[in-house]
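Below, chain A partners chain B and then partners chain C, in two separate complexes.
Take a look at the complex of A and B:
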């Protein structure tokens, strides 16, 4: 009897959340999957069931393949560099004897409170081929041949965008790691230094293992962050150009859904992006799990 | 424990009741709105949604007021917004669209493009067959010749008019008039003459050409007239109606060749053009970094706040032709208006459009938007109000410059590429010398083939 009461109570407690979750997450996500099987313009009428045709088309669409490659590149490069730099900065700020510690902490965190659109516009002008600060400095130093059109060449545009995303995110993850590092017992470091371990060894043998759970989470956060942030940054900075060299999966999806009015096709892209990010999160979770102690 | 549980249940019950209460309110609200609509038999409400771009919204507000005065008992609600497409999309999907929409097919929201695919318009043929508001002549005779038959207004090639023209745009290349006058530079009439000016451009410390790099669709203003100049209407129709064979012709290669020449000649393309958006490139042009840029008659208004080199003055060149005995060209286009299929008041909406074409309204439009409507003698009626550069554009078109129109046909449904977009996206690769004209044409052949398959 008591058990039944308990179950009822639990059911009752999760009911509101369940309802909201169903309406705002489950229902739209199922709709994405259903709509991906239709050819539709997104205006309600004239929907035609086409089965998996959208997916077949997708894998023949070289812009889509290009955009997936670009997204993959950013997902690989941006989290790796961001998390590495964040860890380094966090440990310097946490263990180093810098008097300006708090100042640096604020400065590094600053980009995280700026809007992505502002960041995009800011960097578009930093990269401006004729009046941007990068090329001005290069020209002043006499390195004219290195003053490239950063956002206009297919060889540099992705790195240029990756740099912006790293710049934006480093401070955020640094603060997360800093919080983690404060929780690592100092005795461990004392004992290690008594045993003759230097700073680098301490970093790899103590700091990283002790922070491992936080690092795991930040890897997944950062991979998914890339997916979302790259959309805004690309739209603002390059509009996918030159010739789709910086097109990412979500900008292409947006373009197909709302500019070209191929809503069903766009939903097929969404399904693929959804599956890929799910698989990636799963893989990164599995890999890091094995290394955890 | 048990009493706590009951308290909790009670609390939830209250919450649920409150929620139900809310939804009741909503229902009630809806009811009253519905009854409002019914009683509107005499008091009709017209919803007008307009794109607020370079032409602002003052004209629409005033026109609505005038229309209300001329039709007592009607109320016109004007919604104007630069992102009007995003605002009306949910209403259209919900089956409750505005009655009159002014939004171009090339708008980034894709709403008009979607409605074209969807055949989501009210047929306007009877409006244009009927009499004009202030004269006893069919309305269609007051519209510029050829406009209503064009693919802009009759997108399905079935002899029916689904869209109504609003302002008339003229596009082509622009230059700094002061520079040309002071240095005694002749404006080029052919592409050869234009390329010959490269050395003059260099002497004056600027590149020959720039364009809106991240928005390469502006190159249409060069390509369409170039194809027309080389191959006539027939070649142009081939290109605009997605005939793959077009890309195998000399005409296509020669027209695309303009861009390859710009890419390959030293000093022809302004450094960094490919990475610049429209504001950045247009500002560079006005600061004297490049001699020519493509744009439309709205240029001066659009860039009113932008920095410029000393004594800068807008000069409209048009688009050079390929042989000296042909007139210089200009591309014209029409701003599009329409009545969505599910509109609540299509008849009143048509009345509103008819009213818009009256001479008084055309004048009002000229005064408030500094532009000419696509009606016969439109630019004369409003000559007093046009900015100098805009007036010069229209005047140039009247005095010997050949204004032609062309718009890519809507793609059949089921085609997931936008051929126009692919066409101009490649320009960046050509400008970066990563693609030849032959490869460009081959790529387009492939894309057009895809469209052909679905026709």
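Take a look at the complex of A and C:
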């Protein structure tokens, strides 16, 4: 009797949640993979199994290739700069012995809880050619020839977007590193300074190796984060323009699905992006493995 | 010797402070400028990104509220965020309890299943979700949007809460069982109060996720009257490109930032601590 109660209670605890999760998350995930093999306008009636035709088509699609290149650029540049700056700021706050440490932590972390839409709008105006602060400062310094239409030119738009994504995420990873650094025994640094190691040497020889496991995780996190954030930032700031120069894979997917009603084609893009992010996570995990202590 | 070292330390600390202040300026500037712009006239906004408004234009806020329907968007956002949170707690607490305190067949599999869910980003599944909910006639409905949000938040919340519940000493529920309390009552009256700090962390982290979510709200809600703030703002931005009532847009942004800043001010310590406890999130 007691045992039966227990079983019933466990079922009561896990089944409703599992059902909801399966319907609204698991089922759509399986659909992404299945529907990527169909030519589908989405609304049921004229679905046709086409095998890998969507994927073959994708690799002949110049805009898709362009959007994958842009996504790759962001996945490389944004994590590298973000994590480097986060480590620097975390070291300064952790070892600088400043009274206002917590204030800086609070301010730097703030952008990471903001809506990406808000961030995109604010930065669209910072980059604005006429009323944005960047060009205003450049003009004021007499550097008028460098005052560009940052989001309107295909040469600058990706870097401009990358910078926003770095600004958004630096504080988040900094807080993660700070927690790790507070756990590193101070004696290591004292011994190193007695041996004559300067701050830069200590950073590379002690801080980075001691935080290596956290750094490995944050690399994977930030690579995957780029996919998600770039979707919103690009939609809000440039809509993929000018002439697809800032189109990323997921905005192109969105466009194929909800503008062109090519749902099967769009889901093939989702499959590729998902696979690429898994492969990159795996590679990054393998490359960084050897140095683990 | 020690004196020169002291000077050296002081000057290096000064350099650090200059670096940090420069960074602070870059982090804070967009918000200060936004706040100033929300009180300016459209003409003042166009002239210079530095200036202070001659006369504070409170009318910007009333315009944002009424003409741009910011008020409606904000109410929708509170509604969806609140409902999502309620549904999430109803779903996550029993599952986290079962996973952390009971040994049953398939427990490990179920746990790993949810952990694999951490890799699923909402953007990946927005298309099949849209198609499925279209077939089931669940589109353009704030309740179903909230349920989707709650379902999407499950993996991370289960991860946080099972970790927390494992750390609660077993004696409390054992003595409750001996006193004849049933499983259900033990969960409600013993476990939930003890797990409050963990539940609070789940609430804080997910508040920002729900409040800020854009991609799913964009495709699952179609009528203007039901849109949440992020979608409403993005639309407004689109419209203002041509209408150029920038001032109302900035007033709208300030209105949206207020709840976020308030909650952040109240919870930032817990938030940053929660992250260092292993609340890693992509």
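Of note:
Simple rule for what comes next: the second predicted complex is superposed on the first by the 267 of 293 C-alpha atoms of A that agree within 3 Å, B and C clash if a C-alpha of one lies under 4 Å from a C-alpha of the other, contacts with A are read in each partner's own complex, and residues count from 1 in each chain.
The rule is simple: a residue touches a chain if its C-beta (ideal position, glycine included) is under 8 Å from a C-beta of that chain, and two chains touch if they have at least 3 such contacts.
Just so it is clear, the model here is predicted, and its values are computed rather than measured.
With both complexes brought onto chain A, simultaneous placement of chain B and chain C is prevented by a clash. Of the two partner chains placed by superposition, chain B and chain C are both touched by A:9. In the overlay built on the shared chain, the residue A:130 is in contact with chain B and with chain C.
Judged by the touch definition given at the top, the superposed model places A:265 against chain B, while chain C stays out of reach.
In the superposed model, A:104 makes contact with chain C only, not with chain B.
Shared-chain residue A:202: touches no atom of chain B or chain C.
Residue by residue along chain A, chain B and chain C are tallied for touches, and C comes out ahead. Legend: residue contacts after superposition of the two complexes on their common chain; A:24 is shown touching chain C, with no touch to chain B. Touch criterion not met for A:284: it reaches neither chain B nor chain C.
Only one of the stretches 78-86, 132-140 or 150-158 belonging to chain C has C-alpha atoms clashing with chain B in the superposition, and it is 132-140. The residues of chain A shared by its contacts with chain B and with chain C are 5, 9, 12, 42-44, 124, 130, 258.
Chain contact summary for the complex, chain C toward chain A: residues 13, 16-17, 19-20, 23-24, 26-31, 33-34, 37, 45-50, 91-92, 94-95, 97-99, 102, 104, 110, 114, 117, 119-132, 134-135, 147-148, 150-152, 154, 182-184, 208, 211-212, 214-215, 219, 229-231, 233-234, 237, 246, 249, 253, 256-257, 260, 264, 268, 271-272, 275-276, 280-282. On chain A, the positions that touch chain B within their shared complex are 5, 9, 12, 39, 41-46, 48, 50, 54, 57, 61, 63, 124, 127-130, 149-154, 238-239, 241-245, 256, 258-262, 265.
In the complex of the two chains, the chain A residues touching chain C come out as 5-7, 9-10, 12-14, 16-18, 20-21, 23-29, 31-32, 35, 42-44, 89, 92-93, 96-98, 104-111, 113-118, 120-126, 130-133, 136, 167, 171-172, 175-176, 178-179, 217, 221, 224-225, 227-228, 231-232, 235-236, 250, 253-254, 257-258, 263, 266-267, 270, 273-274, 278. Chain B contributes residues 2, 5, 8-9, 12, 89, 92-93, 95, 108-110, 113-115, 117-120, 213-216, 270-277, 280, 284, 289, 413-414, 416-418, 421, 425-429, 431-432, 434 to its touches with chain A in the complex.
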